[in-house]
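One structure is given below, encoded as structure tokens.
Naming follows writing order (A, B, C and D), and every chain is counted from residue 1.
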Amino acid sequence: MPRPYVHELRVRYGECDPQGIVFNANYLLYFDVVFTELWREAVGPWQEMVERGYDAVVAEANLRFRSPARFDDVLALQARISDLGTTSITTEIDVVRDGAVLVQGRLRHVCVEVRTWGKTPLPDWIRDGLSRFAL
Amino acid sequence: MPRPYVHELRVRYGECDPQGIVFNANYLLYFDVVFTELWREAVGPWQEMVERGYDAVVAEANLRFRSPARFDDVLALQARISDLGTTSITTEIDVVRDGAVLVQGRLRHVCVEVRTWGKTPLPDWIRDGLSRFAL
Amino acid sequence: MPRPYVHELRVRYGECDPQGIVFNANYLLYFDVVFTELWREAVGPWQEMVERGYDAVVAEANLRFRSPARFDDVLALQARISDLGTTSITTEIDVVRDGAVLVQGRLRHVCVEVRTWGKTPLPDWIRDGLSRFAL
Amino acid sequence: MPRPYVHELRVRYGECDPQGIVFNANYLLYFDVVFTELWREAVGPWQEMVERGYDAVVAEANLRFRSPARFDDVLALQARISDLGTTSITTEIDVVRDGAVLVQGRLRHVCVEVRTWGKTPLPDWIRDGLSRFAL
């Protein structure tokens, strides 16, 4: 099994709610950050893909909240590509603090053509890049 | 089947991303808004529950993105309680614009005691209030 | 002195921080909402302006925080145009709860041409519309 | 003149708006991040101060937007304490990309006692720590 792509970030004060914990919506923001960074490592900067005529949109997102993260925590976002379909990419993301998984997420992106926003097969240069982080 | 609880809101500019559409994380923010409003109608203001020693935390969230919403769109958030467990509440939420479902969501909340944050059975005054919007 | 344009909104849970109050950045989000609504009333929907070739960008923002707003508060955002320059619009915004001013803000927008993003004089149809809310 | 405290961050996709630029409210979020990091370097982790009975709240914020930042930009947030009053701290923040100042900000924080939230003089251990980044 390949190692996951890992991106670390520190929880910002404004991302926490009156319960003192990261507000649930902000995990989707974190997932987007680690996916962008995985993409940079695997394929290149996101905007380069857009300039080449492709974009990726989120079709599905699933989150399980096991323990809360708090202000100032340093979180490791661990991402693995669990499925590379013809037009779609499924990514599993664990939010980890000190070895404990706080939140588990799964995103399904669909590859689209920039002009029409219609679904399109992943080109080889994207597929080849991502396969390095694929199960 | 009972009618869903419906809350309308208008998409804010700052909630949209460079694709010109509502950024995916913001739907969880919208879900929280409609759940809070359903709660107000069914049980009372959220803070009253907290003062009585109970809180509810999100344990699971699932979202399917079918079509994008855009800046200035008026969205109807339609919420139904699909399951009332001993300690948990499952809510189905449709994000609707002009009769079309753009996003489908499901939240599972768990009832906790405010002091210990431990799981606790839903008291009757919460269960009875919510049952009105339950399938 | 003309009456201000007033827009009411309810504070969302995710907009509050661990101090239990609205996180300061979110007031700029609120200011954008009331400015958009004032614009709708005075000139028309924001996107119609963009389609006619004009946009407005924020050049300056000032905020004074006097008292905190909290989750579930209903706030009245009161906006007045305090200056209509050749290319700029200055708006004073009070955030009011139960008659008390919690936050005072001032925004200066600059009118730009959509294609070049260069500064451009306010066209008459914008100026005339806004003058109704101008001091 | 002392060197500013500098914190770098990369612009997230969800922080940008349909104009393709960082939405204005998010600069206040960035200011909070650099202030927290300056505090960590100068005084210690924010929560340690809170546990010792002190907190700091934003009383005033001013922002000038000169050029837009975009998705994926790496920004240097440069902060200097420009005034250390009896109870207040004024911080000047420049948002810099490739040597160009995009946004200029100024925050005024007030030191408060945690229990009463009343204004209180800055204790020496805070004042001494901050003086290192003070003009």
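Here are some notes:
In this section, contacts are C-beta pairs under 8 Å (C-beta built on N, C-alpha and C of every residue); 3 or more make two chains touch, one makes a residue touch a chain.
Predicted model, so just to flag it, every value in this text is computed and none were measured.
Chains making contact with chain A as well as with chain D: B, C.
Here the repeat of A-B among A-D, C-D or B-C is C-D, since over half of its contact pairs match by residue number. In this assembly, D is the chain whose CA centroid lies farthest from the centroid of chain B. The copies chain B and chain C differ by a rotation of 180 degrees on their C-alpha atoms, rounded to the nearest 5. Per-chain Cα centroids separate chain B from chain C by 28 Å. One simple way to say how far apart two chains are is to compare their mean CA positions; for chain B and chain D this gives 34 Å. Per-chain Cα centroids separate chain C from chain D by 24 Å. Along chain C, residues 13-14, 25, 29, 32, 71 each make contact with two or more other chains.
Residues 12-14, 29, 32-33, 36, 45-47, 71-72 of chain B are the ones touching chain C in the complex. Taken together, the chain D residues at the contact with chain B in this complex read 13-14, 16-18, 20, 23, 25, 71. Within the complex formed with chain C, the residues of chain D that make contact are 19, 24-29, 32, 55, 57-65, 68.
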